[in-house]
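Before anything else, here is the set of structures, which you'll find just below.
Each of the two complexes below includes chain A, the first together with chain B, the second together with chain C.
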Partner chain A sequence: MAAAERPAIDPADAFVMEAPALADWLIVMPLVIGFIFAALCLMTRKDTRRQPAIAITGLVLILLCVVGLFVHVLVNGTVVMAMGRWLPPFGIAFVADMLGATLALISGIVGLATGIYALREADNTERRYGFYPFLLMMLSGVICAFLTGDIFNLYVWFEVLLLGSFGLLILGSRRDQLDGATKYAFLNLVATTLFLIAVAYVYGLFGTLNMADIARKAAVMDEVGPRLTIAALFFFAFAMKAAAFPLNFWLPASYHTPRLAVGAIFAGLLTKVGVYALLRILLTIFPADRDDLAVAIAVVAAASMLLGAIGALAQTDMRRVLGYLVISGIGIMLAGLALGSATGLSGTAFYTAHSMVVMTALYLLVGIVGAAAGTFDLHRAGGLYATAPWLAVVALVLAFSVSGLPPFSGLWPKIFLVKASIDVGAWWLAAAILVSGFLTTIAIVRLFAFAFWRPAHPDMRSLSLAEVPVARLGLPVLAGLCGLTVIAGLYPEPFIQVSDRIAFELMNPAGYIDAVYAPMPAAAEGAVQ
Partner chain B sequence: METAVAVLTGLYFAVSIYLMLSRHIIRILLGTVTLSTGANLTIFAMGRITREVPPIIPSGLYLPAEGAANALPQALVLTAIVIAFSLFAFLLVLVMRSYQELGTDDTYAMRDAEPEGEPLPPLGY
Partner chain C sequence: MRTLIFRATAPYLTALMLLYSIFVLLRGHNEPGGGFIGGLIAASALAIYGIACGVSPVRRAIRYHPMAISGFGLFLGAIAGMFSLFAGVPYMTGLWIYPTVFGVELKLSTTLIFDIGVYLVVLGAITSIALALEEKERD
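Right, the complex of A and B next:
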């Protein structure tokens, strides 16, 4: 009878009343599939013959989901789903705008590519110790970090992907892996803890954790001091995650130590999550403070791209050359964030997508090169042009693409960024982009010249690709990734349209906020009826 | 009350930064644990600390009483504690393993991944 005494409750005051459209479920499906298949792989971890088939099925399904989500967002605009039907800002919202959906799509591609490559690389011991569960958990963590609309939830996904990456990094437990993993683990843990502290301040200042709600409240806040402090703390934490100079030292210390498939997925995804978080926080949530920090971001960007390229020039180990090139790429992405103009952000979005694909492909390529040449040392590798001419073609395509030379995908975003820099008179930033491209060309073409063109070292015997186990699946994967960079280079129009739309959405956070709060009028209408 | 917790948090951060500046991994580990404790206390203080009114909605009402304690930071802190604890457990094993394998906990001597005195890359064929 107690219930009868209470006034009638209208659930529409607190809940999203309409069931989400069927297509909207795509936003949580990568998470659901990733975790289910990770659990299945964990259960079958002793069955090392069947486990890879389960893992690849999971990776394919995740890719299908993110492709579907990307098409859905492309056609219908930003997709929002509130967990537990709680109206924003109370429930955790998943929000897929064009930026999130695009990066999720590319993560799906990178995840599947490295998963297939690892079929021939990860041995049975590594499978038993959980290679595929870690891979699936990390991939789900990365995709959900791109899709979540709640800042504390973003912290949770950072920790999920961090734990997955720890597991992948130390599989094998060699001395150099333990050394690299120690540095990686400590510096990343400190970065996420700083991120958590910034989240605490956000909560203290705004009383909310929903990104759209914070953006709404930050826009009408007059006090600059606390808001700028929080934005700077976020910048510090995410620059550390993204390995921007001067917080980059964990990356070249660790990325070359695990399997190349692991290095590939790390280089493709992990630092880019940091870049994504910077774009989301500094453009959607605190756009005014980005303007105040712009000069600092520009200096960090120029220093990262130049020192990354110089670092790549000084390495003798091919894998470590790539580690420094990742840092250089991060600098180029941050240049667009520093500029903040539509052209600059479009360039950053395009470059981020390009870099995810190309850096992954380069790591996989070096995996095959190292296996065929018998060494990763530039002093001793050689002679691969004679034994593996097609691999040389792929290598040259990727080398040109990462340097930003035509006709591949690295060219267009760099043109955008240089143009955007000159538009605002930041000639030194444009010069840094061009000089870093020049240094990158030297570093990567030198790798090509020594490993492929030079005759084989007298002590070494380079194998033909038929003798290299990773090449059988590795070459088709590499051909696919190369195809992407060639298509984006030769016919950039659709890619530029998407990146222009990303830039437009980032510069107009009102669209993001409206999308999150759109369920409200719908629910109110439901109440009226 | 917030002031006292803020001072305490500051002490935690000071201790953690001092420990993390050490060359020895085990002190850095203790420093990161202290740092996450400081972060948890920060979240707690940011939710404004009151203790007079419990965050329980009285019968017949739909909102908690005026001045009730904030329950959300506790949920956040609980999540953060669980995550920090699992990371600590992982790091502890990692540190122990690398001490066994590398025979040192001095970060200056941990140069297996990036050996000192590597030759420069070749300048020509």
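Right, the complex of A and C next:
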């Protein structure tokens, strides 16, 4: 873009001229650390004893980085770094606003929790076949998807996390795993292709892939048709990835087949990346089109939450019960997106964070329950209250939390969402949220009653926790995750402040755009002086 | 494929292709070439050697498991961008030095480190697949 009459090219036209603050580096560190430690694990693949230590070090470092990034964003506002020094829209920008930083933080927590749990669960064969490299790659893919400010780069991170998840899903190569993985891979590839087509349309229409740049150009565009088409395509693609009704069937077909640690991180992270992408695209980039799609989103949300909960009632495999609860949760998150008000979005942000922690914990819990009861079948499990009373306490906390009962973290976001629905007169959406909460309560309490209260089945012998290898590390991890949901339930004030700020930022995309494009004049001035 | 002519020429062909792949890797920054295509050429060199002489000589010749080579490439790619931290520029900014060795100016950069990483990732991944397929054929 340098003018032809100028003798020398002014680098300030194309480059970021100021040195980035040291704290801004936190935005790329999850990527760097994730890849470096995945590479180290890959190089020490055969060394199954040392590999877990390397992987856990990596996961701890990633967690420290995302904690640092969260604090940095909380104090200083949105953080931007343009890769390779090229100014946006040409350089790929990483942008961490409150939503991205919060979800990255929770991903770091979930990643470490499942990594520690898997120390006792993943056997040596799975370690040799790359459990930890896949885990680290998938986690960095998820965190980078939350942090990238470029829509094509978002596609790349989706690919990274999908490849990692394919690998994790088929570790063990059992028949049902391959069956589940085929459905999972096929549906996700269809969704990814639609996503890519939508990206191509975006590039054709706006000539840019930088999210802030698209948002800038979309806001002043008069033609509604093409823009609405693109927004609808994105909605379809990401709703599929988030497993919203009616494109939800791949999730319960595949999530129960891998190890429970893998199921836990899938349930905690993957569908939420779809929800995040919906929030980012329909609120930051195409807010006007979200208003047009609002009714469709609301119907999808209500159907997902109700059918997810009803599906959970019908299952007899504990892992499949949880699969359907994930879908129900997605519906509740989409409700806030459909409402689009500050209260609704705050509820969605809070609920997403809550769901990531609680769904992960529930999968890990079922891992221990299944190992102790010797089966995942609800008809045969039983008697765990006698052999593992503390596990029963944890299970009850998580059951209440996932149903949205007080005093745990599921309560507050649901109150927000119900209030926001009633505010706009969408009584049926409010009713759907309440009924789905009620059905979820029945589904999860049924699991609790069968596995814990009922006496053990005559041919089954439930083990005490000391005899279950996954429980030794699993229980502390579960206690930590439960602690989070209890704290967020009893003292929600700071959590609500953060989610209110997320809602504010989502409703005012100008802040996001300014964060990406403000550095340009400042850099140019610096070069002149 | 164990014909005498093929077995006799394969080692020379492999050596030549490996050399050429490094040439393609190094010229890559401003001319056609680079880590990806260089890695593909190197992987096909090893695949040819495997077809001609069997898989175990290839595994012995490259010493490390192909996946470990890939892992090292990934490692190089990830740290190549970190040099920017010390230069006070954003991640992945290309940094250049021009040392003169024996009267020839060399253009060395962090981009080259990244490209070598790509070369090793591609080499390791494709070789790993190719050797696995060639092993199956012998069953």
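The definition used in the following text is that the second predicted complex is superposed on the first by the 523 of 529 C-alpha atoms of A that agree within 3 Å, B and C clash if a C-alpha of one lies under 4 Å from a C-alpha of the other, contacts with A are read in each partner's own complex, and residues count from 1 in each chain.
Just so we're on the same page, contacts are C-beta pairs under 8 Å (C-beta built on N, C-alpha and C of every residue); 3 or more make two chains touch, one makes a residue touch a chain.
Small disclaimer: the values here were computed from a predicted structure and weren't measured.
When the shared chain is aligned, no partner comes close enough to touch A:Gly437: not chain B, not chain C.
Legend: residue contacts after superposition of the two complexes on their common chain; A:Ala200 is shown touching chain B, with no touch to chain C.
After overlaying the two complexes on the shared chain, residue contacts for A:Gly347 are found with neither chain B nor chain C.
When both complexes are overlaid on chain A, the residue A:Met83 reaches chain C alone and has no touch with chain B.
Using the contact criterion defined above for the overlaid structures, shared-chain residue A:Gly308 touches neither chain B nor chain C, since it reaches no partner.
Once the two complexes are laid over each other on the shared chain, residue contacts for A:Leu378 go to chain B alone; chain C is not touched. Residue overlap on chain A between the chain B contacts of one complex and the chain C contacts of the other is empty. Chain A contributes residues 5-6, 9, 152, 155-156, 159, 162-163, 166, 170, 173, 175-183, 185-186, 189-190, 193, 196-197, 199-201, 203-204, 252-254, 256-257, 313-317, 320, 378-379, 446, 450, 454 to its touches with chain B in the complex. For chain A in complex with chain C, the touching residues are 16, 19-20, 25, 28, 31-32, 35-36, 38-43, 45-46, 81-85, 91, 130, 133. Across the interface of their complex, chain A is touched by residues 65, 67-68, 70-75, 77-79, 81-82, 85, 88-94 of chain C.
Partner chain A is touched in their complex by these residues of chain B: 20, 25, 28-29, 32, 35-36, 38-39, 42-43, 45-48, 60, 62, 72-73, 76, 79-80, 83-84, 86-87, 90-91, 94-95, 97-98, 101-102, 110-114, 118-122, 125.
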